[in-house]
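Going by the order they are written in, the chains are A, B, C and D; count residues from 1 in each one.
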Amino acid sequence: MLRAGIVGLGRMGMTHANNLAFNISGVKLVAACSIFENELDKAKENLFVEELYTSFEDMIDNANLDFVVIAAGADVRPKMVEYAVKNGVHTFAEKPLGLSVEEIEEVLSVIEENKNKTKFQVGFMRRFDEDYIYAKSVIENGLIGDVTYIRAYGIDPASGLDTFVKFAKNSNSGGIYHDMSIHDIDAIRWLTNKEFSKVWAFGANFARPELDEVGELETGIVQAILDNNIMVHLVAGRNSPHGYQVETEIMGTKGWLRIAPVPEKNLVTVYDSTGVRRECSASFPERFHKAFVEEIKSFVDCIINDKNTKVNAHDALIATKVSLKCKESLEKNEIVEI
Amino acid sequence: MLRAGIVGLGRMGMTHANNLAFNISGVKLVAACSIFENELDKAKENLFVEELYTSFEDMIDNANLDFVVIAAGADVRPKMVEYAVKNGVHTFAEKPLGLSVEEIEEVLSVIEENKNKTKFQVGFMRRFDEDYIYAKSVIENGLIGDVTYIRAYGIDPASGLDTFVKFAKNSNSGGIYHDMSIHDIDAIRWLTNKEFSKVWAFGANFARPELDEVGELETGIVQAILDNNIMVHLVAGRNSPHGYQVETEIMGTKGWLRIAPVPEKNLVTVYDSTGVRRECSASFPERFHKAFVEEIKSFVDCIINDKNTKVNAHDALIATKVSLKCKESLEKNEIVEI
Amino acid sequence: MLRAGIVGLGRMGMTHANNLAFNISGVKLVAACSIFENELDKAKENLFVEELYTSFEDMIDNANLDFVVIAAGADVRPKMVEYAVKNGVHTFAEKPLGLSVEEIEEVLSVIEENKNKTKFQVGFMRRFDEDYIYAKSVIENGLIGDVTYIRAYGIDPASGLDTFVKFAKNSNSGGIYHDMSIHDIDAIRWLTNKEFSKVWAFGANFARPELDEVGELETGIVQAILDNNIMVHLVAGRNSPHGYQVETEIMGTKGWLRIAPVPEKNLVTVYDSTGVRRECSASFPERFHKAFVEEIKSFVDCIINDKNTKVNAHDALIATKVSLKCKESLEKNEIVEI
Amino acid sequence: MLRAGIVGLGRMGMTHANNLAFNISGVKLVAACSIFENELDKAKENLFVEELYTSFEDMIDNANLDFVVIAAGADVRPKMVEYAVKNGVHTFAEKPLGLSVEEIEEVLSVIEENKNKTKFQVGFMRRFDEDYIYAKSVIENGLIGDVTYIRAYGIDPASGLDTFVKFAKNSNSGGIYHDMSIHDIDAIRWLTNKEFSKVWAFGANFARPELDEVGELETGIVQAILDNNIMVHLVAGRNSPHGYQVETEIMGTKGWLRIAPVPEKNLVTVYDSTGVRRECSASFPERFHKAFVEEIKSFVDCIINDKNTKVNAHDALIATKVSLKCKESLEKNEIVEI
């Protein structure tokens, strides 16, 4: 039984905490850390976590953890990763690993120094989603020929737009590309084994023009080219009317794949006065529920059987670099080389 | 230019009249007959029909027609067909040809006697719908193997239920099987080249229990067996929540076909707060718009090129026989042989 | 940690065994029983089961189990259930509970006598499938009005037809209704809270006429009426060309639901030379993977928190009664009251 | 009865000729012109055209036409339009109106000078397609809020790629944007009432690298911005594996529309060993069959009732300007202002 700890109990953290507590055989969630007392109360009551901490260092020093999941804010994440890794606690960290390339490079060097004693994995859960895995296997089996074009949408539901507008007035999301497209960027690198070579980004606010004032975007698009001329189109957004739209299309010379053109919530079709419809996944915890379990299962497997993790710090660094180049392109309004 | 006349200018008749006036090359709609003055006014104003009649015999005697389309009520239809046919005017008649088997047999004998001088076709438009034609060609090319099972839904939209309830208080629809399933019965005979051998029908009223009192059904089902043991399931109804549901499924030993499981109105998919949806055809004139044109085009082709029509009076007779056996089964609540 | 045992390690049993070993927190699969040595070897190697038995009584007597999952053949199932229940081991048994109504009634009386000390649940996993649960909640919230009609298909993939034909030459499946429709019968009772009142069953063999000789069916249909006149149509089959087709349609006075009209394997749509397609679930372990986990989780919850199980022996008895009435109707070729 | 003539009897021209001969009431196709004798033979035999010409001027001078449809090659089109228009024959011309902006501007001035006596319409048939018309009405009714983003694919089927490669070795298509995206550019202008303000185009050849040598593209993409910041993404291609993919997505602040995400050929769904699939439209004459009829019907209506045509020469000019800017961007590999 591996002893697990968690830090950060917001929506993302609670998703992981719940999985660690109930959905992963061979793991026991023994410790939780948060700066919010009510979050710790919930962890105790609902998840039966025994050791509660308000200091991350305290948890690492005292809880005798085999591994820790870091889902605290991106501002404190780099220091936490470094502390856990240096102290020999296997570390799973949410993306992004930091807000600047320099910060991530520093984290990366710490991870490198300790790679013999501590495993590290970053939370690009799409690589563990059965739909994306299926698509990758179809591509690798040559069934769609050579990949020529990829379109990736990552668009949060409109139901969260109000909350985002409030958040954006006081906080920095890192920009829509670093906050959202980063998953698409990683997925595309993983699906194609190619790197981004140039981007042109553009964005605008229609539903909430006040986002202009805080430098945030409701919708941002990118035209990108990969190093072998695969053409890429990204749309990141925060105002999807019907649910959580994470869609990826891959065109090949012999066939195309569309992953989740409709983010179907289940297998039920409804016939009613609106026509004939499918209900949709409303959020990332719903859409990627299984992938969040699978990424931790895979990490646990790497710990137990001493394997390399499937998403490493280098992947996190590259995805951040590309997303920040998109931001640069947006600001300069020109094509940027990577 | 063939000279065409029409009798009956209700919804069905107006659909034909409009096609005769505007959508069929080589035909001119020269005469219209109705007992309702306002319908004749519309025909004159909107369809530019020159000769207007309130008596069918008058029209046949005086309008010098090449052919007539009979869309008047089923009660007067048999006499009209006989009169037109005897007078050498090629005749296209809506289904059913009459309300009893005897009545239709009589009409049939008149049609037979005059078959050398007058063409006759009955309005089973599904045989001219591109989706049904496509399905038949797939079956005949052996692509789904041997047909084992057919399911056919013919369900009118809920938007017409109020109107039907009012109608049913004063009029006789002929029963749900004769009124609605008759199209499915004909389509199944045409798709399989097999005849019905036994049926068990059942029905009930849930949305409008008052239909019990007038002996009508909101929903009626039939389990039927064809003469080579193909299994058949029919659902006829008057309360479809989303539109006009005419759906036919054909299972074969190697593949299945579903014709219009969603009665898609067009190629547009809508993503909105209800989820992701297709809007639906709202009525038979919308769903079968093209088939109504094609059946008349085919009839005109038979007249001009002296061919046999593709749906004859015998087909009308058999479909009525089967639908009346369904009614008998419903009333006796037992399995009825045909 | 609950100590679990399993008997029967065929496809169904191995599905349960795997879940008990890896997918259910708070449970340890400690014992397995089979009459096939190679199955026990697999359980040891792949599932790390420590105690292996060839006698069921031995396992119950010695393995100190909290609960047992019975997935052995229907012929030995009744005796096993009785032995486990009498010995105070909570029991989860696959359906059907026996091959005759009398046999199941006997089992039922033993379960009743011991209900204070042992929990019992039967394996109608559809009640734990998220799609069926969603449909039930939509119905119970009144969103589709009153239920008027249900259509349920349970059709095994054609890929298994050869195997079935071989099996049928030497063994008795119990008939297609008892073997397959039983799940649909239970699901319909559960969705509607109504009982079956009459049935007419019919079946035929087209792909494999040799099944006639052994009294088995490739495709069997049923027209049934529930006690409040809800109309029901069942299709059971063994020759689905595209995958495992478990589809249920519920028509209400205000809306309809279709559960899995396409048994979509995942969220990927493929565009290739065949057109645009969805790949399909190929088998029951794939389609109901999550439901198989959830039904055991629910059973475990009932054990730990002393709750009533969600599917009891009475449900198993009724479903068997109805399915055997379908068989009787098929044999007599008449409508049978229940 | 309007007297119609046609010039050019290739695939596009024959589509129009057939419609003029058989599918449009009130029109008679009296004359056809082609430099290929065999095409004229076909027109005579199959379409019963009486007057056949090898010289366009001859036809205009002698056939006493009310209107002419110009479907001859883009190289000769400008001169033909000018000749017909100057001679008072109402003119319907295929797009593009010419291969350079200057050429089209010259044609435009001739059309302007004669606008009181001759009607002119250009063949942007999407404006007459029921799906596009439906989408426009949904947008204009405010049902999807403000338009924020449009994605448009215009991708020819792979079945035509060989033919195109041969063609491209000897001929100039005008480039993929002028040849194909021009329809999307016009549709977007029409749907939004906005103009293009900047573009970045990129393209590559994967299936047929030899297209590099003749300066043609298998797939070309464009990122464009409209004058109010609506974001636009275009994909033009010649290698669609499943059929003719003309798809347009419109995202608004309250809803999205997807026109033909699957270019469904009909309403039939096929269940077979490939999964569950829809067959697709294989070509533009199939996909836009009705739109080709409707655009001519609309043109005829403008002639008869002296109305302004719905697509004028100015629209043709603008669409060409934008598509040529895409070409310029592709060649310079930079963002180009319009």
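To be clear about the criterion, a contact is a pair of C-beta atoms (placed from the backbone, for glycine too) under 8 Å apart; a residue touches a chain by one contact, two chains touch by 3 or more.
Being a predicted model, the structure only gives us computed values, none of them experimental.
With respect to subunit C, maximal separation of chain centres occurs for D (centres as means of Cα atoms). Subunit A and subunit D have Cα centroids separated by 43 Å.
Between subunit A and subunit B the centroid-to-centroid distance comes to 56 Å (mean Cα coordinates, whole Å). Mean C-alpha position of subunit B lies 38 Å from that of subunit D.
In subunit A, 144, 241-242, 254-256, 261, 265, 269-273 are the positions where the chain touches two or more neighbouring chains simultaneously.
Viewed as a network of touching protein chains, the structure reduces to a complete graph with every chain in contact with every other.
Remark: subunit D residues 21-25, 130-131, 134-135, 138, 143-144, 254-261, 263-273 touch subunit B in the complex.
The part of subunit D that touches subunit A in the complex is made up of residues 144-149, 151, 200, 202-204, 206-207, 218-219, 221, 223, 225, 229-231, 233, 235, 239, 241-242, 251-256, 261, 333-335.
Per the touch definition, subunit C reaches subunit D in the complex via residues 240-243, 245, 262, 264-265, 269-280.
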